[in-house]
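Okay, so subunit A shows up in both of these, paired with subunit B first and subunit C after.
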Partner chain A sequence: MIETLVGGITLSSILSLMAIGITLLYRTTKVPNFAHASFVTTGIFAAFTLHLFNQPIYLGLLLGFLLSGLEALLLFYLVLEPLRRRKSSIFILMMATLTYDIFLFGLINIYADYLQYTYKATARNIYLAGADFKVLGVQGITVVSVITLVACLFALHIFLNKTVFGTALRAVMENDSLALASGINVSAMLAISWFIAGGLAGVAGALLPLHIMCSPSTGMILIAAMFAASILGGLEQLYGAPVGGFILGLAETLLVTGLSSVLGPWVMTYSGMIPYIALILGLIFCPRGLISIRVRGA
Partner chain B sequence: MLVVKNLNSGYGKFHILYDISLECRNGEILAILGPNGAGKTTLLNSVYGLADVYSGVIELGGEDITRLPPHKRVKKGISYVFQMFNVFPNLTVAENLRLVARFAGLNRGEIESSLNEIYELFPILKERQRQVAGTLSGGERQMLALSLGLVRKPRVLLLDEPTAGLAVKYVDTLMEKINLLRKIMNISIVLVEQNVHKALEVADRVMVLVSGRIIYEGTPSDLYTKHDILRLYLGVGEAA
Partner chain C sequence: MALELITLFISDLLALLGVYTILTLSLNVQRGYAGIPNFGLLFSFAGGAYITGSLAARLGLLLAGVGTDIDPISNSVGAMAVLNPILRSSPLLTITLTVILLLIGAVTGALLGLIQLGPVIRLRIDYLAITLLALGEVLNYIATVYKPFINGALGVLVPDLFSWAGSEYRFMVATLEILLIAFLVFLYVEYLGRTPLGRVLKAIRENEVAATSLGKNLVTYRAIAMTIGSAFSGIAGALWTLYLGAITPSLQRFDWTFLPWLMIFLGGIGNNRGVFLGTFIFVLINRLLVYIKHYFTGLLPFDVVWFDYISLGIVMALILIYRPQGILPEKPRVPGEIKEIMGKQSLEER
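Coming up: the complex of A and B.
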């Protein structure tokens, strides 16, 4: 049971890092970003590449942050910003992120093939837990994932509330027209938000192969869970994303383990349904997120 | 001094302003009046870079700024106070002011002195500086909006219906402050206003815009002799 809980906390922390980026981009650009899937996968391959060349795996956090941040910046400047200037609808922007995701998915697959054929690496079954360290019998990833989440949240909070650019980004989230009229370079602020969100997805991706088996499709498989966590936390609530991440991560781990012990191991096959169920229930019963629910009479 | 020459502008395919020319000198208040849909706000948007300019020239102090993006116009010395949604409601009063001053290119010392001037002009904002802007009353919020336009020490201030929706006591206070400002700060103010009498009280010159074209330009006292314009386009004297 404890082992399951620890696993749930790890998954929740990683999921939260992904969901924060989704929420941040929704707040700044109002776009549900489907390319988040490939940003996560890029992080996975950053960690895997480092491992392949005998470098410290956790250096993948930095490499994943930079690479995925860069991918997000390119998406913003090459695709979204020109569309935004043409006053394209949110739907068009959303489809553009999906197209970019498919493009990145193709590139990642080419890279996976390259690693497989050139270095004989198992680039389609990436699991690095064996290379992880242990603390008091607990996998290092559990400690690192929780610390990384807390550190990222703290850094984001300081950035948004204590720096000029962070305050400007909050201003853009509130009212981009007024921000523009106030002399704020809205485009630059949005670019910063894309870099941060992409970077966080890369960090989450770099942690993932230490916890679960990954492949070039992992990001795409997890995209529903990322959106579900973000929506459960409240798309308008930046700090709600970890709440959604933990609810979903723990539900997925504990529920499936509990049900499989009662009904049999076949239940595990359907664990992937949980994010979709959470997404549907969240959209029906609390579209503004669990954080928006207030206890009546309190 | 702000100069607009033969401006044609609008939004995409929607051509709204036709051949507009105007001048607003230092320390002068130019009131832009007209019925709803005349293009008053579009004129301010065009000067600020928020509308599409098809032809014509906009100059600030002799420099052509027609093609500059809004955030660069701010640095040249233009401030724009929107009619609505003109403060950041989840930022405190002080955060609102500091943010706008910082992005206008003011250094730390200039920001502090500018804030002190604002607090001197609007003492209520000093009392409320730690309060989130969304919790201010309508009048206080409008004072903050005006302050956001002033804190960056502009050469030209564009005001879009600053008294809209305000209680009478706030209308008088705000108009007094606007009148005071051009004297102490020597700035050019382009004032779009629905309250014709209040606008004419403070304005040095006035333009009447109808269907995107200027139909009158002159002094407030002269406009009061144009009964047809007042009655037909500005709704003044209808009851009589």
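Coming up: the complex of A and C.
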């Protein structure tokens, strides 16, 4: 039971890191970013490449942050900014992020093929838990994932509230025309938000192969869970994302283990359905997030 | 030998073109006419494909009146050995089975389309896209986990319904049947666009408030568009399973949602000829890439198929930025009577 709980907390922390980026981008650019899938996968391959060349895996957090942040910047400047200048609809912007995701998916798969072909690496079954360190009999990833989440949230909070850039970014989130009128460079602020969100997805991706088996399709498989976490937390609430991440992560581990001990082991095989069910129910019954539900009379 | 290969290449190309044309036309009814951005096209397509996989052999055995204790799902090889010779010798039985399966595919697609209607009428476009994309994956999941449906990840064989004219003509017959159905769907969708119903759908797309003020119920008309569109996509799924002769729960979002969207964007949303042109261009490029693929094996340290993803991603981004209306944009159609009332002059002034 303790083991399940520990696994659940690790998964929840990683999911939260992904969901924060989605919520942040939704607040700044008003677009659900489907390219988050490939940003996460990029992080996975950052960690895997370092491991392949005998470097410390946890350097992957930094490499993943930079690479995915760069990918997000490229998406913003090459595709989204020209579309924004043409006053394209949200629908077109959304298609554009989906398109960029497909493009990156192709690149990542070529890279995976290349690693397999040239270095005989198992680039389609990436699991690095064996290379992890141990603290008091617990896998290092458990401690690191929680610390990373807390550190990232803290850094984001300081950035948004104590710096000039952060204040400007919050102004853009609230009302971009007004921000533009007060002389804030809206385009630059949006670019910063894309870099941060992409970077956080890269960090989450770099942590992932230490916890579960990964492949070039992992990001695509997880995208529903990322959106589910983000929506459960409330797409308008930046700090709601970790709440959604933990609800989903714990539901997928604790709830399923609990149910299967009552109803039988067949429940386990359907555990992958949880993000989809949570997403659909969440969107239909409380699209503004669980935080929006208030006790009547309170 | 070379000639045979070319015939096979062309018949494969045309079959794929037919299936994709039905699918893009179904998307055109939903997005092009009614303005519903169905990002979950895979849902009804996979529904049609999997239900056909699940029922084809069972129905075949039932119709042929064969009493056998072979389970057509877990032992589909055994069931095919019994069923295929019977079907080959009886064109009538084959065609009856084909028609029944296509009808079941259409009904399944339509029902799944109605399930999607819940989110469609409630949610804003961004939330809707997320929901429909996620819904699309659910069927793959269920079909993989629930073994009695289509035998889990291993998949099932389905009876060969195109060999009634002799097995050497199998692919030619299949291609012709698919093209015929695609042509009928094209005629119907083109007709639908000119009917009063089609005009109401387009009116809702252009301005919901104006359409409501004229007494048009948004929910009813969206339900109609979703049902018609999803039924066609269910038929496309059923045809795809029958054409392949087997199905596994691995239909991809890229192939069956993203590509159709790309095709209608390239050709021109709302214009059926444009949609067909876009479909043709993409299927041709895709098949040529597959065809030349083996020339590159061993030369490059990766699979050439991934170029498909990269190039399509770039093409799509360019279309979105520079020509979002497509090659053949939709032209407003003015019915004859209105033209007479308004006179040619006033129309040109518009």
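We take it that the second predicted complex is superposed on the first by the 292 of 298 C-alpha atoms of A that agree within 3 Å, B and C clash if a C-alpha of one lies under 4 Å from a C-alpha of the other, contacts with A are read in each partner's own complex, and residues count from 1 in each chain.
We take it that a contact is a pair of C-beta atoms (placed from the backbone, for glycine too) under 8 Å apart; a residue touches a chain by one contact, two chains touch by 3 or more.
The structure displayed is predicted, hence computed values, not measured ones.
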For A:Tyr239, decide between first (touching subunit B), second (touching subunit C), both and neither.
neither
Can A:Tyr127 be said to touch subunit B (first), subunit C (second), both, or neither?
neither
With both structures superposed, pick whichever of subunit B and subunit C touches the larger number of subunit A residues.
C
On the A-aligned overlay, A:Ile184 touches which partner chain: subunit B = first, subunit C = second, or both, or neither?
first
Could you look at A:Phe105 and tell me whether it touches subunit B, subunit C, both or neither (first, second, both, neither)?
second
Which of the two partners, first being subunit B and second being subunit C, lies in contact with A:Ala224: first, second, both, or neither?
second
Go through the superposed model and pick first if A:Val79 touches only subunit B, second if only subunit C, both, or neither.
second
Where does A:Leu279 make contact in the superposed view: on subunit B (first), on subunit C (second), on both, or on neither?
second
Of all residues in subunit A, which touch subunit B in the complex?
87, 164, 167-168, 170-171, 174-175, 177-186
The residues of subunit B that touch subunit A in their complex are 12, 48, 50, 70-71, 74-75, 80, 82, 85-91, 95, 98-100, 102-105, 148, 152
Tell me, which parts of subunit C touch subunit A in their complex?
37, 118-119, 122-123, 125-127, 129-131, 133-135, 137-138, 141-142, 145, 253-254, 258, 261, 265, 301-303, 306-310, 312-314, 316-317, 320-321, 324
Contact set on subunit A toward subunit C in their complex
26, 30-32, 34, 78-79, 82-83, 86, 88, 90-92, 94-96, 98-100, 102-107, 109-110, 113-114, 117-118, 220, 223-224, 227-228, 231, 269-270, 272-273, 275-276, 279-280, 283-284, 287
